[in-house]
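Mind looking over this structure? Questions follow.
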Amino acid sequence: MVIVMKHQASAEDIGKLVAHIEALGFKAHLSSGAERTIIGVIGDERGLEPENFALFDGVERAMRVLHPFKLASRDYHPDDTIIHINGVAVGGKNIPIIAGPCSIESREQLFEAARAVQAAGAKLLRAGAYKPRTSPYSFQGLGLKGLELLKEARDAYGLPTVTEVISPNDVTLVAQYADVLQIGARNMQNFALLNAVGETQKPVLLKRGMMSTIEELIMAAEYILAHGNARVMLCERGIRTYETATRNTFDVNAIPVLKQLTHLPVIADPSHGTGHWNLVTPIARSAIAAGADGLIVEVHPDPTQAFSDGGQSLKPEKFAQLVAQARKIAQALERTI
Amino acid sequence: MVIVMKHQASAEDIGKLVAHIEALGFKAHLSSGAERTIIGVIGDERGLEPENFALFDGVERAMRVLHPFKLASRDYHPDDTIIHINGVAVGGKNIPIIAGPCSIESREQLFEAARAVQAAGAKLLRAGAYKPRTSPYSFQGLGLKGLELLKEARDAYGLPTVTEVISPNDVTLVAQYADVLQIGARNMQNFALLNAVGETQKPVLLKRGMMSTIEELIMAAEYILAHGNARVMLCERGIRTYETATRNTFDVNAIPVLKQLTHLPVIADPSHGTGHWNLVTPIARSAIAAGADGLIVEVHPDPTQAFSDGGQSLKPEKFAQLVAQARKIAQALERTI
Amino acid sequence: MVIVMKHQASAEDIGKLVAHIEALGFKAHLSSGAERTIIGVIGDERGLEPENFALFDGVERAMRVLHPFKLASRDYHPDDTIIHINGVAVGGKNIPIIAGPCSIESREQLFEAARAVQAAGAKLLRAGAYKPRTSPYSFQGLGLKGLELLKEARDAYGLPTVTEVISPNDVTLVAQYADVLQIGARNMQNFALLNAVGETQKPVLLKRGMMSTIEELIMAAEYILAHGNARVMLCERGIRTYETATRNTFDVNAIPVLKQLTHLPVIADPSHGTGHWNLVTPIARSAIAAGADGLIVEVHPDPTQAFSDGGQSLKPEKFAQLVAQARKIAQALERTI
Amino acid sequence: MVIVMKHQASAEDIGKLVAHIEALGFKAHLSSGAERTIIGVIGDERGLEPENFALFDGVERAMRVLHPFKLASRDYHPDDTIIHINGVAVGGKNIPIIAGPCSIESREQLFEAARAVQAAGAKLLRAGAYKPRTSPYSFQGLGLKGLELLKEARDAYGLPTVTEVISPNDVTLVAQYADVLQIGARNMQNFALLNAVGETQKPVLLKRGMMSTIEELIMAAEYILAHGNARVMLCERGIRTYETATRNTFDVNAIPVLKQLTHLPVIADPSHGTGHWNLVTPIARSAIAAGADGLIVEVHPDPTQAFSDGGQSLKPEKFAQLVAQARKIAQALERTI
């Protein structure tokens, strides 16, 4: 931590602060210039709250200098983490595509979607049984019935599955039916839920909150890692900005930033990232080009009839085109799909 | 809902869409102009998804025309809702102030804070036992021990209490110890938690998510109301913008907007709203002037020692000044504090 | 400036950087801890670019520690600046209200507005002759003809005038007709224009850009001050955020922040700040309560016929109510209107 | 335009509004449902202001249904516009790269940069003589001397040039020295400047404002087109969001949205888009993958010595790697670099 003193700070102000720093078990190094004094606080700053230091007399500002995460950090774990999910590796040279409908609506709809995405080259099946919806009057998902259908589809098509869990109470149940637990954007800082999935040994797909910083996303992963579950995939899914031409602003920049800061695989969700089916394919290409380790894409047999997210879902034939184009971009980077 | 057709939409496109609208039990009214046709969908649109209609051939856009909320709406319930909490009324002419420390740290700290805020004129005591923290390495709250201390302080000073609940599993327990259940900003769209507090008959203080629109805040309240709990207070606590001079941007505009759209009381949180103790008092004044029905303010006996939110906590004497100033603004509007 | 070295930075890295700092005429103070070294750069950092230092081997981050402004700073000029405009003082205990139509449309419209705002208590008249419009097909203002009408209205009602200038070429002309030169939000960083108004001795009303930080606003004022014109009023007029319930998000927080950082008067524009006439009065009250030194409000004799900004313009009788309410808030703070 | 009436609107309210619409020369079509009436306004709505209609009694909302642009619209001009700049075509199958230093600092620096970017495959040279800087104390550019150096470098290396113009007064001069006039982000809505470049026949590179919507960018282009200059290139250069890990958030989504809405070429600026040299190459790749028609990249012989933007400038050898990688992505899409 660095503490910048005000121009007019007195020797007494500085003395009191240094005494406080030392009482906490840290060392204080002073740099005194013509205009002001800067105090470097030496020691592991992760437990300190800069804002408390800013309250001392004579202090202008106190700033953290280290990133607050550790287990998720590339400094701590320099090599890429590769997560194995029933034979599918995420985080290596191959770029798996996760696809399927937003919601599980019926056996027929789910199976038709599963068949189509598998035929087009998807390696995992996504579909929601518990749906977080803005309105209490919207379809809330089939719940347990949905999980059962998902397991059937998984076995029928040989695709490991990804599904969202929205309450700590449901974690054990969902973990029995699905291969990957998804934490949705609205729950990225639902710490009770993060702790619950951290205590399973299931892979987790952790979506960035729609107005969460990259650092907060990594800190949310840190919760899961600190509870003993090392198999976390980070997912960029669009952030909220002032722009309304797209539902969200897919933050492609987050992909290389996350790859630099952490060792965890980074998945891109161009469906939620844009909110419009006709933007999904170009944004999927751009995500791969930026270094994404996987894609998660919404596909529905008939989007006009979808119970949720129809506007951003691809028809199966459009999804097949997406896979073909994404594959060419992957090859240009010497990766595979 | 209104559907705008493309310039080049064919009669067949329009015919198919009208047939689809009628098959769903709605009526379609066509306005055909020189440049394009507009279709009004007549009926209760709340169950419709505009994005699905936008997928039909020839459609340019489909837009909702009604607000999606009902129970929380002032149209539905024109008079202000007044919530009674052990003798304190919220939503009427009097403007109660809720105050206390961010976290319960010890009996001594909590009692000192309670005594001070009561002396200064606060009507309810706030303090957290379960703390949602960005870092897993930060203080997470005293939990049950904290709830017990809170109940003691409540009885000692005769102040009803407000405390946060962060997991559906804890709702029943927290409801036994506290008078008002607080839903924090990060959990505003934690629907499992909204449903759980909706099933109690405890008053709820619902904080706006830092990434949430005013409409989404009202829809979150709608979840609680739809589960049978009518005692919801809405709380503006600052939103996330590009500006970094303040921790959050307290959205004072939300106060009159909420008062126009809903009948629920609106509380302002200038502590989280700004993140800096020296902005709390002017923003508290501005919130009252804009029409807020209450304030919630962080007060700590010694902010430099606070386990959380020290930078935005007021010392007791500063809080007393805030109350005095807020009272003058209230009087200028013919209200009381 | 503070430079944080990487954990793995070598002694050679540090040595090179220190040599570079010294070659630039600064001193380098090292704080070496267990985890990393921090270098304090001692000297007037305003001319340094932190990003260039971040490029040296072994550097993690370089951060500025001082605010980049000087003439506008309260450190440099502790007392409030009071600006006198033909007998109206801005920045003192009295809070003048500037009001009038968005655009000058006709003599009749302008005179009717001027008469009404004067009767209600406004001290200055605002009206635009040069209009920056998003669309080239929208009304662009009456230009010179508008300036002439504005001068007539000024003389007829004894109200000093505020009008926008949008090109450096027009500054001399506009300065002949108006008492205050307004720089609009879209031109806040039009540096050619800032320099041009800086070279006049006319008071300037400088509006914050809709996505400019508070620091950038002060730096724009610094351009004007550095060109020799000390009579600058800063104006908060709403920023752009994700929220769409209001046209802009009036950032009430900017008022106390600006009052702390600078000595310049701060004016609030609740009309652009919210974009809806029925929010203008509560937000005007909140701005005064937060410490604003003046208001600028759009008033039109018949908003349904306005050539621009009809939706946010008050009718004369609503404006009179605004003045009455704002006055009560001012009195609660021991100020006058 | 569509006008949604309130539930409680009276027949008289509707009658008055219809009369007003017809008096303006438009037709009104009514759709009356159980809950409310919707009025479609039939005619060319571009000259109407929805907000004025929203002021009539009984009106809930008035919404535009058409995009407000025309000349820039793909509806109006379905084929891609290709702009020829001294033998370099922009907007076709080939993707030219524009590169060079942020500022012209000296003949040596400029020539070294020009030689390096040409050798690496750049087709145009960028460099600034007039610099819009946040601080009046920062380097403001070499002005005319810079333009002369730029022309020398152009002739020496056979690279057409792109340089920024910041005042309408300078347009004629800059047009004599450079091949493309750049409008910077801060001037995107400097309408006096847009009009001035619209009256030349020079190609224009128009950068998106950091606070501007995609629609506003297209409307700014519309100003230039409406003044008779059809050679406009649009440039995405990052927008301002709450995220601070990058200087700006490069909005990759804008690329396919702009390609759908307009016929103008779209250029990507990954240097300003991210603000960090080590993100420039992955974001350059992602922009090409999303469909960009060109890149503009900052390159400096020694970024640690740059007068501006050192942190986001590439060294020549890094730029050569960028070109090689971008070329592979272009080939994957059957385009060339």
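To keep things simple, chains are lettered A, B, C and D as they appear, and every chain counts its residues starting from 1.
Everything that follows uses one rule, which is that contacts are C-beta pairs under 8 Å (C-beta built on N, C-alpha and C of every residue); 3 or more make two chains touch, one makes a residue touch a chain.
Worth saying up front: this structure is predicted, and the values here are computed from it rather than measured.
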| item | value |
| --- | --- |
| Chain of greatest Cα-centre distance to chain C | A |
| Which of B-D and A-D has more C-beta pairs touching across its chains | A-D |
| For chain B paired with chain D, centre-to-centre distance based on mean C-alpha positions, whole Å | 38 |
| Separation of mean Cα positions, chain B and chain A [Å, integer] | 26 |
| Geometric centre distance via CA averages, chain D-chain A, whole Å | 31 |
| Where chain C touches two or more other chains, by residue | 211, 240-242, 244 |
| Arrangement of touching chains [line / ring / star / complete / other] | complete |
| List of chain D residues in touch with chain B within their complex | 2, 4, 7, 27, 29-36, 38, 40, 42-44, 60-61, 63, 65-66, 75, 240-242, 244 |
| Residues of chain B touching chain C in the complex | 211, 213-215, 239, 241-246, 249-257, 260, 273-274, 278-279, 282-283, 285-291, 328-329, 331-333 |
| Footprint of chain A on chain B - complex, ascending | 20, 46-47, 49, 51-56, 68, 132-138, 166-169, 186-187, 189-192, 210-211, 216, 219, 222-223, 226-227, 240, 277, 303-306, 308-312 |
